[in-house]
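Read from first to last, the chains carry the letters A, B, C, D, E and F; within each, the first residue is number 1.
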Amino acid sequence: MTEPAIILINPNSTQAVTDGMDRALMALRHRGGPPIRCLTLAEGPPGIETDRHVTDVIGPLLRLVERLNAQALAFIDACFSDPGLAELRQASDKPVFGIAETTYRRAAALGGRIGVLSIQESSLARHRRYLEALGLSKHLAGDRPVGLGVTALGEDAPRTLARLIEVGCRLRDDDGAASIVLGCTGMTPYRDALEAELGLPVLDPVLTTANAALATLAR
Amino acid sequence: MTEPAIILINPNSTQAVTDGMDRALMALRHRGGPPIRCLTLAEGPPGIETDRHVTDVIGPLLRLVERLNAQALAFIDACFSDPGLAELRQASDKPVFGIAETTYRRAAALGGRIGVLSIQESSLARHRRYLEALGLSKHLAGDRPVGLGVTALGEDAPRTLARLIEVGCRLRDDDGAASIVLGCTGMTPYRDALEAELGLPVLDPVLTTANAALATLAR
Amino acid sequence: MTEPAIILINPNSTQAVTDGMDRALMALRHRGGPPIRCLTLAEGPPGIETDRHVTDVIGPLLRLVERLNAQALAFIDACFSDPGLAELRQASDKPVFGIAETTYRRAAALGGRIGVLSIQESSLARHRRYLEALGLSKHLAGDRPVGLGVTALGEDAPRTLARLIEVGCRLRDDDGAASIVLGCTGMTPYRDALEAELGLPVLDPVLTTANAALATLAR
Amino acid sequence: MTEPAIILINPNSTQAVTDGMDRALMALRHRGGPPIRCLTLAEGPPGIETDRHVTDVIGPLLRLVERLNAQALAFIDACFSDPGLAELRQASDKPVFGIAETTYRRAAALGGRIGVLSIQESSLARHRRYLEALGLSKHLAGDRPVGLGVTALGEDAPRTLARLIEVGCRLRDDDGAASIVLGCTGMTPYRDALEAELGLPVLDPVLTTANAALATLAR
Amino acid sequence: MTEPAIILINPNSTQAVTDGMDRALMALRHRGGPPIRCLTLAEGPPGIETDRHVTDVIGPLLRLVERLNAQALAFIDACFSDPGLAELRQASDKPVFGIAETTYRRAAALGGRIGVLSIQESSLARHRRYLEALGLSKHLAGDRPVGLGVTALGEDAPRTLARLIEVGCRLRDDDGAASIVLGCTGMTPYRDALEAELGLPVLDPVLTTANAALATLAR
Amino acid sequence: MTEPAIILINPNSTQAVTDGMDRALMALRHRGGPPIRCLTLAEGPPGIETDRHVTDVIGPLLRLVERLNAQALAFIDACFSDPGLAELRQASDKPVFGIAETTYRRAAALGGRIGVLSIQESSLARHRRYLEALGLSKHLAGDRPVGLGVTALGEDAPRTLARLIEVGCRLRDDDGAASIVLGCTGMTPYRDALEAELGLPVLDPVLTTANAALATLAR
């Protein structure tokens, strides 16, 4: 008699990242709606940084989704590479949301073109291929790396914020972005300051996707 | 000291259509959040059915948005042709949502391809051009007219439902649609029965967009 | 440390019916309030269609209510015959709601007389006896069968809607009904279209009762 | 562009009574939903205590309801005599709730028979006629006056509570009441203590009716 | 995959007291937000009435908090003596709220001085020491015992209400209190009547603290 | 028939500051509850920086509160100096919240000592006197200026964040603060990043006070 829930799965195995997502979703819980549970994929790597990482988590993700399907209202694949999204959608009869796809589409629906703040140079090709596949290439104003790894984002906050603002300004001013997508959940704590500074909507993928899942279930 | 609100504008001048939207949004009001006000564009035609109609309402829409901008949290351009969406976004510093764009993107974010239920043959070219402009062409499974005008939709409900199911089935079975978008707000009362029958998510543009506006403001 | 909940029990053993109720209650969960759990009575028949069916489920219902009493805030006896309602109220110190009684009373409180849409001729005598027992006989405008069995309701949706509208119009026009009660949960997906068509409040028993249970607990 | 609201009308002209109702509805406002506005009928007597009072307010009530109809989602006729309820329902196309009718029906839906706490002996015949008209006579366990006028209820709280408990116990023990209806809004502050003491549901008419109106609109 | 919750611990072992708290928190659950679970400390005495009682429950409280820490969003130490509050805060990395401290501070934030309704003479010195420790001594208008033990509060409700009003009036009139704090959870059912009578805010510690915990988590 | 509301008054005349507060309160509006309106005191200086400024706004504040009293549920005096708080409480029969007092008390209720982030050296004496008056002096871990004026806070965000973290660390490590109070509403956008970095609760005065006002009204 477990209450059915929206189940968010963090495909990396770092519990602290899952805890951060869980904390960020508290405000949504205060708006009523079904429970949102945040799970960590035990078999995942500490961080998903390469194409190989993306491929490797698909099998374990599938098994977890199959096991939890009966108690899920919806699933959130909470990695910005949306690993295995197509496969998960075939494995479950519940809606499955990828945080990158959902956030890119919300940004596009706000009008204007999208700026993406990526962690590293190496993400750009993957993002480009994905936007291509989503049919959103022409909505992209620019995708620029801040040049800081996942853990580095949290190490020196003012430097991180400075980099985010600096790169965000170039997305806004040089590339003509009308909204900014945070390309890594490690950027979440800087969203408010970045939005205040840039004067553009700044979208956090986890919050944006959880809101979309709630809205879909409420349909 | 008027409470700021999400302002939905029905660009046609038929108050009964606005009332229907207002009624459909009641459930969202029960979820808290800011007020949602539904206005009728006095200068609009009774229904927006031609490209000329679309063009003609842009000016009056712009003037209304400019006049209400200070008391708006966001605007919803509540016609499935999203008339003047780009112009409205330039006229206001608040988010402006088009119900077609928002719903197409939400449908795309659910995965799989989109089936559109249109009123008439004559809408198809306009839809195709718009999906092209949005970069969503390849997400389209099919767009099929039910062959009933706006007022006809409400005249003989079982016939309408039968046509919606018949055409919906072809979108699902022949075209491979994984979700259905209702291409006219006159189809709203049939959503539940259609979804039960088709076994696919059926998206109503007004509800979907109001949910998206609430989620964006809650960011 | 299970969260106490409103427990709805579907006295027939068809899980799909329970799932449909669960889905219909999602909108209420978005309004906050305590959890609502939907259970299937394993010992029930696939559908409750005869007086014998009604009698046979009372024993299993009683045992289930006794077993779950400590974790319940309230119970909902989710069959339109309200099987064993009096006995369940004696077995539990929590409020026990019958969906027929609650919906009849809500309809009566709206003013005007009540029209009931029944599945089959054979239900009418049972309904009449029940309204008599509730003291609501004189509030009845009419009770008319649509002549479709439970499963038939879902088989040909336009035919079902046509029958519901046809019979609903006679309840409204010939019998003078000011509100309509859906006498079977298989009619739920047609509520919106029926209400739009008839221009009268159309009450779905499961939603109406869940709302009443929430309001009572919130007292 | 006034936000449509549930409009409660206090048919007596004592603003302090309206304020008390407004205060009691605050908890419901915290649950989201449309605005609830509380108005005082300027033309009413200070308190509605006689059949003549009931008759005299019907005309002014009708005019107020007609004037406010366009901005109302529903009306609440907030006097326990439900003055002019039938007439108001004819004057408005919105749901009109009488607080006595709604509360009696909710109490009946809880199962068991109803005990009514009345102010004075003189109310009993009116209540009896009304329950007869509602078809609820046989649900009445008893109706007992506490023998205190409206203003006296607030003058000596412990005496009032003592009388409410004393009479409530007789409703419960001698008359077999399974729930208690408060027959005067001046009894509202004692509801919690009375419910704790009697161990039965104690229904306040204003809260019960506002909850029913919200639930109906959310349908 | 238990949903994380606010965990209230009743340090006395009387389940009926815990049930009363659980019931009083229902209205807050209707406002959304995370679950609130109410537990009874099995090792506690039936009531916490002496300094020795306060000391004895600290060890069991600590062990319980340590065991539940991973599934808690916050803890509420639900005894007006805030037993072991400092120790619990060291044992957990989650916010730990004492109901006395939280309520005293909320009362102080309302402006004016605070009146405390205590059960017995013997509580006064403990309260005084605690207010001293909290730096709130000068906010105290007065602390007056009603002279009724915990169980006596529920035995003769009108007498209890009379005593609460009598002592409350002296706090208001002789001591100049601008708000009243209920010094025992057995006084909860009288809050509304007392507030209506005194015309001052009357704060119930359990409700006040649960509201503060929700607000803090929502920050 | 204006809906009664919580009225926040920004005592400085800078509309952009009021708009920022209004924006920050959006999340609370999504939790239901009464409207919250944000007003600007036309007669105030652009910023309240000196004791003279504090004194000068009291008269205009009083007149505004008197004028709006009938439509207010509560007032929030939204300047960290709580100008005229005692006088406002005498002028209104509604609860009046000062954002400094409310936030200091909430911080104290979290346990441990409080660190305050002030703008400039010159605020320290005023804060000290105020904490003294509130009886909270001994709860102060430390009060340290970041050395940036109100407008400077927004000019160079990374520098501001760096200063906030640097000074926040000293409050935490050298002074032993267990929670941090933001001493200026210009610091709001940095709250999340600061909380993530420091690992301590960081309280924003406007949000904290609005939450407290909602909780008090919901009592």
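Convention: a residue touches a chain if its C-beta (ideal position, glycine included) is under 8 Å from a C-beta of that chain, and two chains touch if they have at least 3 such contacts.
It should be emphasised that the depicted structure is a prediction, and the values quoted were computed from it without experimental measurement.
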Any chain in contact with chain A as well as chain E: C, F
Required minimum of steps from chain B to chain F, each step between chains that touch: 1
Common touching chains of chain F and chain C: A, B, D, E
Greatest separation from chain B - chain, by CA centre: E
Chain copies touching (chain C, chain D) - same or different residues, decided at half shared: same
From chain F, the most remote chain by mean C-alpha position: C
Intercentroid distance (Cα basis), chain F paired with chain E, Å: 27
Separation of mean Cα positions, chain D and chain B [Å, integer]: 42
Mean-CA-position distance for chain D and chain A (Å): 51
Mean-CA-position distance for chain F and chain A (Å): 33
Multi-chain contact sites of chain E, meaning residues that touch two or more partners: 3, 27, 30-33, 214, 218
All pairs of touching chains, each written as two labels joined by a dash: A-B, A-C, A-E, A-F, B-C, B-D, B-F, C-D, C-E, D-E, D-F, E-F
Chain F-facing residues of chain D, complex: 2-3, 5, 22, 26-27, 29-33, 35, 37, 39
Complex contact set, residues of chain E against chain A: 1, 3-4, 32-34, 73, 214, 217-218
Residues on chain D engaged by chain C in the complex (per definition of touch): 27-28, 31-33, 85-86, 89, 95-98, 101-102, 105-106, 108-112, 134-139, 201, 203-204, 207-208, 211-212, 214-216, 218-219
List of chain B residues in touch with chain C within their complex: 27, 30-31, 154, 157-159, 161-162, 165, 188-193, 195-197
